Every structure is written in C-alpha cells, then in structure tokens.
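Below are two complexes that have chain A in common, paired first with chain B and then with chain C.
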Partner chain A sequence: MASGISIDFVSFAFATIRVMTPLLFASMACLVYTKGGIDSIATEGIMLMCAMAGAAGAWLLGGPFQGLLFGMATGVALSFLFGYATLSLKANPVLAGIALNILAGGLTIFVIYYLTGEKGSTQSLSSGTLPNVRVPLLADVPVLGRILSGHNVLTYVSLLTVAALHFFLYKTRSGLRLRAAGENPQAAESVGLSVTRCKYLALFIAGALAGLGGAFMSLGYVSFFSKNMTAGRGFIGMAAESMGHGVPGGVLLATLLFSVSDALSVQLQMMSLPPELMQLMPYLVTIVAIAVYSRHRARRRAAGPAADPKEVKP
Partner chain B sequence: MGREILNMSRITKIYPNGVMANKDVSLSVEEGEIHALMGENGAGKSTLMKILFGIEAYDEGRITFDGRDLVHAASAAVIKSGIGMVHQHFMLVDSLRVYENIILGLEPVKGPVINAARAIAETRALGERYNLKVDPLARVEDISVGLKQKVELLKVLLRGARLLILDEPTAVLTPQETEELFGQLLLLKKNNHTIIFISHKIREVMKICDRVTVLRAGRNVGALKVAQTCPEEISRLMVGRDVVLKLDKRPRREGPPLLEARGLSLTNRFGKATLKKVDFQLRSGQILGVAGVEGNGQNELAEAIFGLARGAEGQVLVKGRDILGLSIRRIRDLGLSYIPEDRLTLGLAAAGSVWQNLIPDRADSPALKTWGFLSLRKIARHAGELIEAFNILCRGPDQEAGLLSGGNMQKVVVARELSADPDVLIANQPTRGIDVGANEFIWKKIVEMRDAGKAILLVSADLNEILELSDSILVMCEGEAAAYFEDAAAVTEEELGLRMLGYKSKEAAAHGQK
Partner chain C sequence: MDKNSRIRFEMLKTALAVTLALGLVFVIILLVSREPQAAIRSFLGGPLSSLRRFGNVIEAMTPLMFTGLSVTMLYRAGLFNLSMEGGFFIACVAATASAVTLNLPAGLNLLVALAAGALAGGVSSLIPGALKVKCHANELVTSLMLNYVLLYLGLYVIVNILHDPAMSSNYSYAFPSNMLFPRLIPGTRINAGVFVALGCAALVYVLLDRTSFGYKVTMIGHNSRLAEAAGINVGRTIILSQLIGGMLAGLGGAVEMFGMYKRFQYQGLPGYGWDGVLIAIVAQFKPQFVPLSAFFLAYLRIGADIMARETDVPSEIVAVIQAVVIVLISAEAILKGYQRRLVVRQARKEEALNG
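Up next is the complex of A and B:
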C-alpha cells in the first residue's frame, strides 16, 4: 500500500510539471503583456493559432524544430497584429482580443480541414515531436530524478524563461523602460523614451512566449493539433499573472498551483469519479484563488494611507 | 546675461476639441535669467511649455533655442538640445524606485545589466549637491508629494539641462522647501542655467525672477522687468483688476464644538506612527489652520478624520458622535466634506466629464431626479450653475475633466465640496495651483462659511494662507500636535516656522534646543 502511494506521488509530480509547461508559457506571456501595459486577453487565441502553426509547420517544413520556429513566428506576428489594432488603430483591446480568440477557434478548424480533410485533428499528418531530455546527473538521483528528468525540452525552456524574464525585467535597461512605458507612458515619454518601441518589444516577447506555449501543445504535449486544444490555458495564464502579483517568481508559484489542480483532475479521472466534474477542477481553483487573492489585496490596500512620511529629515 | 537663448514667436495652438489655448504668443528668454510665466488658470501657460518641450504640437509659429530652430522637434531631441521640464502634474512611474525614475532613459550599464550601485550613488551625490535629499531606494508610490517634486527636479538636473522649465513647482512645496528650492535656483542661475518659472504667487516671482511674461486667455499681454514693476501691475495684467490677498474678517462668533479629535493615532502600513494622540477641538464659526512641514502628519490627520485612512485609533466626534470607522458616505451624511490634497488621485475622475465630477456626492438627491431617475437636464442646470459660480474655465459641463488646466481641475473639486454645504469642511490644500483671482474667491467663500456658523479645518502648506485665514492654529510636528495658538492673529510667521521645526520657543531655537 505504502509503495503504491509513493509511485502515485512520483507520477503525479511528473504529470504536474508536464501540464505546467504550456500554462507557464501562457502566464509568462501575460506577464510581459501586462508589464508593457497591454491587455493580455488575446493570449488564448494566439496560443491556439500557434499550436496549429506548430503542427502544420512541422509537417510542411519537415521537422518539429522547424515547426516550433514557425509557431513562434506566428505568435509574434499575431501579437504585432493585436498591438497594431489596439495601439495604432486604437481598437478597444477587449473587443480586439475577443475577436482574435473567436477567429482562432474558426480559422484553425478551417486550416486543418484544408490540410487533412478532417475537422477534428491533424493526427493523419506526421509532424513528430520535440525530444524529451534526460538530465545528466539529476536523472540518477532517486525519486527526484524520476520527477524532474525526462521531460520535454520545452519544459526546461519554460523554467529557464522564468529566470530569464526576471533578469530581463528587473536588471536590464530595456526591461526597466518596458515597465515604465507600460505603467505610465506619459512619464516615459517625458524623458524622451519611445513608448511605441517599448510596447512593440513587449508584444514581441509575449508573442514568442505564447508561440512556444502553443507549439508545445502540438509538438510536445501530444504529436498533433486537435481543435480547441489550448482549452482556456491563455485565460488561466491571465489569472496566474494577477495572482502572482506580476513578478516572475510569484507567477511561477501561481502557475504551479493551477498545474497541481490540472494534474489532479487527470489523476482523479482515472478513479471512477465523473470525468466532467473533474475537468471542472482547474477552472474552479482559478475562480476560488482569484477571489481569495482579490480579497487579500483589497484588505492590504485599506490597511493604511499611501503617503509615507519622509525618511530624510529636512 | 543679455544673450537671447530662447525665442518662441507667434505660437498658435488649437486643441483637437477646439480650445484655442495659445494665440500668437511670443516669449523671449535671455541666457542666465529666471523668467516668470504668469497668467490665470487656463491662460495657456502649461500648453506653451508643453509645446516648447515637444509634447504638444503647435499649429503656427517658430521656436529657436540657442541659435537653432526647433522645428516640431520631439521631446527626445528637445532634451538632447538642453531643455528640461518639471511638469505641473508629476511624470513619475509609481511602482519604480526613486533612483530608477531618475535614471530612466539614461541608465548606466555594466555589460547587459543596469549598474544599480552606480545609479544609486549618482542619485545620492546629485541630491547632496543640490540639497535635494531623497531616499534613492524608496518606491515613488510611497513618498510624499514634496519628495516627488524633488525627484522630478533631480530627473531634470541629471539630464544636464541648461534651460529648465518649472511648471508650478512651488504649488506643492512647503515654505521651507520653497526657500530651499529658491536657493537652488539662484545657484543654478549663477552657473548660467536659464529657468522658466511658472507660479501663481506674485510674491515668489518678485523675489527670484528677473523678467515676467504675462498671458491672458491665450495671448500675450506683457513682458516686464521685475525690478521695474510692482505686484499690483502684474495682477492687473493677469486678471484685469487689482487683487490684494488680504482679508477683512469679522471677529469670530464661536458656537458649540462641531468636530473634536481625542487621542487620534494612526500607524501607516510600514508600521510607523504618523499620528500620535492628537487632540483638538473645532467649533462652529471657527477656522482652524493646521500647519507643519510636509510629511509631519497634517495630511494623515485630514485623511484619518474623513475616513480615508483605515485603522485610526482614538475618537473623532462630530456633534458628539464618534465617526471613526464609519463609511465615507455616512461621514458625508453627517455633514462633513473634504477637499483632498491631490486633485488627480482623490479629487477627480480625470476621464469623466466636468458634470460627472460635480455631482457624485449628491447623485442621490431628489433635486437632480425626475420620477426617481437622474434627470440629465436638472444635472446640466446644476453643473452649469456651479461652473458659473466658481468660474470654471471649460467648454461646458460635458468636457473631460482631465483636459482642464490644473487650476480649473482644482476649481471643480472646490465647487463640489463647498456647494455640498457641509457643517464641517476639511480643506486640504484648497488653493493649490489656483490663480490669485480664484484664490481670493475661495478664501472669501471659506470665510463666508465660517460666518454662517460652519467649522473649517484648513490644512495648508502655504503659511501665508494659514495666517490670513485661520482663527486658530494647530502646529503638527512628527505626528504630534506640537503647538496650539488660540488666536492666530497673535502669531508671527517666524514663530510658526520654529514651532513647525519642533522648537519649543524662540529662546530654545537660539540655543539650538528642541
């Protein structure tokens, strides 16, 4: 019995990390959008299109890595399109985002039908998957090795992304400017920065991240594209971003929470509980977590006046 | 001195909404002078400076700086050419640290990384040099208005500007800070920096400026040498009549206490005690001035009483009833109203229209309704009356409040709060950024309220305002009620200043004891 539980735990932890990968890309994309002062609502649609582009690209260009690059390029292009519509043409970001999400749902089905003659998935195309990685020393560590090693290469990339984003946003010149332009564009402009440039940088990075997340779905998570396969991950990314307080580490933790519930729902489905109920779980957790978090934040806001007396005496 | 460094000639600016903010305005500034730009609220001063700084486009005219034409230059180019601007409304990124705001756009780097240690050291050194001390690591959202002003000045100085545009820099400073700033400006002038200085306070202009250009309704009405003019002439040019900021107050007739604080204490979210057992009593027919060096608890006092600062301890009695912990709605219903310190954060919804900003506290009033629904007609009439009574310069009640000039935004707030006809008015910097004519008007209104038996708590950084308006004065120092003067007329500015700095008496100050 005891050994049964430990086996379950290892596979559960492994599954958590696996399902976390696309969520983490999504939440990091949302993080960059938000820091750049751009609505992140289009993340879901962009990811879905990139999942499609990944599979199609791999098939057309002859390999999963080519597919991955094609997916990322698609992400950047769509992100720029969204940015152009909202920043330059001043479209309402929520409406533009919804439009893009709906378009993604329809267009992806149209494309797979065009390519395969089927409406559900691209299983009939051979696009291959990105390799899994056996992490040299780590793989030999008992238990931990079985949890942490052997994941898809993009899983490790996603974790590195968190650290890289932290470094970029808080340590580099472009990161500082991006945050400034996102939070108070007038202030950034008043010191002669080009807000447009900062915003397009944010669009570029976030688009590439959404592209990675989408492409992982069809080139790593499974080996084909199926309709609506991102299933709200872009929106969960938005939730994780706000729960993680807009800092990479915090967003990582929030994403982990959602991944645990995601993995749990898969695990519980294997027991004889109604699968529909279990599939609800990640979304329920999202709602509850956001509610708790908002209350917490509201309380902290009310805790005191904003003005702090000066520390330096005249 | 003597060489013309800046020439703006025949500038015309029409905003997209049809407001002609500048019409054929010319401005000539000489190297090494402090040049004042004056005019009523909405006269077009800020607009002219935004045009110079390259953040507003202009329709006609020509700008020459240092012998070169600035042809519709963007602000990045303007900054490069040696012009810096401190805006009327702060241009700071709240969540960033002080030093990050200062170096933004000029970050020193080490490889790919911002050299934070150097940036912090530079900020400190610059602060030392110009006597503008700020904590480089503090977050801007946590610091006071006075400190934000210093950050803005440091930002400009770091960029090596030779021409500094200061748009109402003293509006948010205390007298001591203003003195400090003036010392600094004179030092800059000595180093051949040129300064354009916008202020509504003629006294300040007389004190440090060499010449003054006056605008009225978007047009030039004069350029004078300060040494050859007098305050009356300037105010006549600005508003077309003499304005003397002197009040004829009737002797006060005090009634029963309306507002009373007992042991009012407050700890901010950093765990620091910002109010320490403050007691005072405010009676009907009394104006109680609250003076203090910025950041010594005056603002917190006002916010705690009005329920904006949660977690205050002690008692605040209104007509004998404790209002601490009540909602702001309830507090307003009990007859209090509040003019907040910062019009853009608490005073207004900048994206809303003027009428929307005039009625939120009375939206439930039957006077604005027909058959239980808001009547836009009645609201428009009400808003129109207030706009006229308070002389708010706008295109009409539908104009976006955020597009008004600074002083006119302030008038919207004042109009709402005074017309609420409160029993107790808490006025936190009521005349900040307001021109002399409007200033006189607001003072008169406040005195009228007092004569009608209302009680007014006046928090102001302007000592002149405190001394002119108050019947009694409370001095705050480090969160404590450091002194109380029952009769304001018997207090001198000097004595008040010393008490604000924490000295017990003149003699103690002479010996350097607190």
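Up next is the complex of A and C:
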C-alpha cells in the first residue's frame, strides 16, 4: 500500500484550494465587517441561510446562477437585518449574532422540510452546480495546471475578491471612509461622514460575500443543502480575520493555513490516523496562533503606540 | 429609576419580546400550515395535556438551568466566553469515562463522575478566560474554536476508548445502573437532577449577590478599569468566574447523563450551551430567574415537539422565538421612550417630596 502512505501532492494542493473557497469568502466577509466596526459573529448563520437559499433558489428559479444570485441577495438582506437590530434597535451585537445563528440553524431545517418533506438535506431537489473552469494556458502547465485549473468558478471569484477588497479598502475613497467609520466613528462623523451609510456599505459587501460563501457550499462544494452544512466555517472566518492582522493579504495567508491543515487532516485520515484527532488539529492550531499573536500585539502596544504605527484602535 | 420601576420596566420589555416572538410564530404557522388551529393548540396546550408530557418539560428544564446559570456566571465578568457549549459536551464524556472505568461503590461512583464532569467543564471555560487574561486573546473567537476541539476530542475518546462493541452506533458502555439518579414520579423521567440544578441556582445567587467575590465579578463586568483601580485582582477574579461558569455547564452535562441516559449517546454538540444564552438573557443575567426562564424554553421545546408529532409544523420553529426574544430583550432602543417617561415621573415625584 505504498500509494496510500505517500501524500499525493497534486491532489492535496488541489483539495486545499477547494476547501479554502468557502473559508476565504467567510474570512473576507468577517474582514469587511470588522473594518466597518461591526461584529462578525453572525457570518456563520448568514452563510448557513445562504447555503439553503442557494440550493432552494436554484431549484425554484431554474438554475445554479439564479440560485447564486438568490443566495447573495439573502446574505445582503440578513446582513441588513443584523445591521438594523444592532444599529437601530441597539441590540448587543454579539447576542444579536448568536440569535441570528440560532435562527439559521432552525429556520433552514424548517424551510427545507416544507420544500422536500424531509429535514436532512435537499438532495431530492435537482439544483445543479456552478461550472468548473478550465483556465486557458494555465491548464497546460505541468503540475501547476493540475493544481490551479479545473476549480469551481467561485474559487476563482474568491481569490479575485481578495485583490479587489485590498484595492477597495486601501485605494478608493469609499474604502477609506468605510475604515474611518469603523475605526473611529466619532471622528468620521465630525468631518461630515455619514457613519450609518458607511456601515450599511460594509454590511452590504460582507453580506454578499457571506452569500457567495454559503451558496458555494450548496452549489459548488456539493450539489445540495444539508443541515448545518457550514459547520463553523463562519467562525473560522472570524479566527482567520483576527490572525491575519486585518489586512486582506494576511487574512488570505491565515485562511490558507487553515485550509492546508484541513486538507491535511483528510489526507492523514486516509493513512488511518484517528480522524477525530486530525479534525481537531486546525481548531487547535487556530487557538494557539491567536494566543501567540494576541500576546505579541499586546506587548507591542505596551511598548508604546509609536512602536506600532499600524495600530489605530485603542 | 429606582429598583422597583427598573424591575417593572425589564419585566415589561421581556413580556413584550415574548409576545411579539410568539405572535410572529403564529403568523408563520398560519401561513404555512394546513391545520394552523390544531398546530397552535398542541404547541401551547400540548405540554399540559398529560402528566408524562408535563414531566417532559421538567426533564428538559434540568440541563437548560445548568447552562443558563453557566452563561450567567461567564457573562457577569463582561466576557463573551461561549465555551459552555463544548464544556457541556466534554463533561458528558468525562463523566462517562469516570462512571464506566472506575468501578467504585454506587454512591461514590456517582459523586466522582459528577466531579469529573464539573472539572472537565471548568477547565474548558478556564482556557479562553486564561488566554484572555494572560495573552489578551479575544475569548469569543478562542472559545468558538475550542468548542470544536472539545467536540472532536470527546468523539475520539468515545469512539476509541469507551465505545461498547455491542452497539452499532458510537455509544459508550452502559453506566452501572445502581449509580443513576432515581426517577421520582412514576410515568415520567423526572429525577433528582432537577433539585441539583435548583440547588446550584441558589448557590450561584448567593455567590453573585451575597459575597464579595460576586460583587467583584459584577464590578469587573461593569467597568474593569475601575475595578482594577479599586484594588481588585481583575485577572484572578475573571479566571475564577470562568472556572465556576464552566463547572456549572460541566455539572449539568454529568447530571443529564445519569438522570436521562443509560449510556453516552451524543453524536455532536447538543446545543444546550447556546440555549443557555437565551435563558440567561430572559433571566436578565440573574440566577434567581434562571429556573423560570429555563421552564419557559423547556415548555416551548416540548410544545413544539408535540406540535411536530401531531401536525405538519416542524419543531424547529422554536428557533424563531429564541432569536426574536434574544434580539428584542437585548435591544436598548426598544421602549426607550417609556423608560425615559418612567425616569421623569420618578424625578418629579422626588422633587414633590423634597418640596
């Protein structure tokens, strides 16, 4: 069983990119929330609802692309609902986020029960999947082509999103305003910015991103919705955001780290290592990484603000 | 606002939140069900229709009281430590491990297993608390990650060490039957666990409202810098509060195992920790109201289960009530005008009294 023991690098790298897609959407959504000064704990529930909306939308509206749009619209709507609860009703954001996650866990099952008559999944509905893309030229490069080409179209969208967000946040006026509203709302207000409008822009973008991530789960990763299928990916997005120093490139690296350990855990399970212990590794790594990073940051801050020009928040 | 009118205000707000949530759910039932009247009748009246069903409410209340108390304690110090979810689960595993491996005499076996559960839960919540105090790590994120670590760790122990080969599912060996909590009322599964939970509510009340530790914790929750300036050892108090909070969830897991089960059967996180958030909020983070609040959620759950069995409405509808109630009670802007009027009225009354 020599083939079972050595890790096939190409399929491992391919799997890493595949499992990274929903995580990357999640962590980018969390990044936008955090930049806009909004708590991101609701990302998990929003993604779950969007996964359901994606599959249901594809079935009702007659195609996976329609489902994707429906999923994104659901994400934006829920994000706005969260914004209304926290900004207008002044609900505690963490508690409101937990509420949204609880709601998503129950409501998705409630809805698919009425669509399919069962509570487990929407496998009986034919909702289809978004296409995989053979990247021209790249596909012909040896090894690299087999790793980077042939992924779902949303995988490429997720990677482009990182670059687009970097450009948006740091090179555009709206991005600057969004960050200002998140970092210091009083100061932003005092120079005439509408903080509420900036926050709703963040809610819009993050909701759409969470929608993409959720819809990918049911329209790309697999071809149906199953209950609780996001399985903590929104929470991982939060962790990746906090590990990635809150900049798109850093968050991408943190997400990649998580994806590698996730894909590795699948590979190692095939080598008959205990699957449960392999599954807990990425989460353990995250806790350790956040602890180390936070300690480092606290020390730097204690050394004085001059030592760290990037830190603006107290 | 004085104490009485504040309590009246909070109660009014809670009642409003519950009424609105129930109203919303009735509208949903009217829209989707083919038999809405029957559905609402079994939802609201079902738990009272037989002794066995009312017994189900009391049984369901027990773990909810423990996690409600746990969240109350964890949150009082101002931390969003959500490890009670994983802590409850790993405590069930630890209690199971202790019960099926130690071979102690029945009473002692139960006590040791309960202690093992409490310890496992306590350590679980201690980790995010300690990482917060020592490393300034965001306890919300670390505790959410920790829940998955605890889930897979627990499943590993069950599958590889405690699994009973006679069972096809991943169930543990059976608990020694002489150590289980005795059933108290024939025809129901009500057991002594509910009194352990009520006792814990009383203890947490005394601890939080009648000791200097409780005062310190509450002060840190309100303003940790002020507490530090007042000479309180903030780090140690936070860590202790997180340990106790986790122990409550852990003890709850162990009590649930030996009150309701004959062997460990969970295949995933049971969700009682998240339920604890609702219970603590409805109870205004006051331990004395946790039993009532747990009764409320248990009643809804059992009512929804009965409705799902008897009609075409699935029980997951309860999630809508939970979400709406959490948001509305925590929403500061709701009833703000009424709150202001209360304050003004109070001030006028005092002015009149003082001449």
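As a convention for this text, the second predicted complex is superposed on the first by the 295 of 314 C-alpha atoms of A that agree within 3 Å, B and C clash if a C-alpha of one lies under 4 Å from a C-alpha of the other, contacts with A are read in each partner's own complex, and residues count from 1 in each chain.
The rule is simple: a residue touches a chain if its C-beta (ideal position, glycine included) is under 8 Å from a C-beta of that chain, and two chains touch if they have at least 3 such contacts.
Since the model is a prediction, treat every value here as computed from it, not as a measurement.
Participant: Mind working out whether A:Met238 is in touch with chain B, chain C, both or neither, as first, second, both or neither?
Facilitator: After superposition on chain A, A:Met238 lies in contact with chain C alone.
Participant: Report the partner of chain A that touches more of its residues: chain B or chain C.
Facilitator: Ranking chain B and chain C by residues of chain A touched puts C first.
Participant: Quick one: is A:Gly192 in contact with chain B, with chain C, with both, or with neither? Answer first, second, both or neither.
Facilitator: After superposing on A, A:Gly192 lies in contact with chain B but is clear of chain C.
Participant: Applying the touch criterion given at the start, work out whether A:Glu183 contacts chain B, chain C, both or neither, answering first, second, both or neither.
Facilitator: A:Glu183: touches chain B, not chain C.
Participant: State whether A:Met271 touches chain B only (first), chain C only (second), both chains, or neither.
Facilitator: neither
Participant: Does the superposition put A:Leu137 against chain B (first), chain C (second), both, or neither?
Facilitator: After superposition on chain A, A:Leu137 lies in contact with neither partner.
Participant: Which holds for A:Arg173: it touches chain B only (first), chain C only (second), both, or neither?
Facilitator: So A:Arg173 only meets chain B here.
Participant: Under the contact definition given at the top, report the residues of chain A touching chain B in one complex and chain C in the other.
Facilitator: none
Participant: So in the complex, the part of chain C that touches chain A is made up of which residues?
Facilitator: 32, 80, 82, 127, 131, 134-138, 140-142, 144-146, 148-149, 151-153, 155-156, 159-160, 271, 274, 277-278, 281, 314, 316-320, 322-324, 326-328, 330-334
Participant: So in the complex, the part of chain B that touches chain A is made up of which residues?
Facilitator: 55, 74-80, 85, 87, 90-96, 100-101, 104-107, 109, 112-114, 133-135, 138, 141-147, 155, 159, 176-177, 180, 266-270, 272, 274, 293-297, 299-300, 303-304, 308-311, 479
Participant: Which stretch or stretches of chain A touch chain C in the complex?
Facilitator: It comes out as residues 41, 85, 88-92, 94-96, 98-103, 105-107, 109-110, 113-114, 119, 232, 235-236, 238-239, 242, 274, 276-277, 279-280, 283-284, 286-287, 290-292, 294-295, 297-298.
Participant: Spell out the part of chain A that touches chain B in their complex, as residue ranges.
Facilitator: 171-173, 176-177, 179-180, 183-184, 186-194, 300, 302-312, 314
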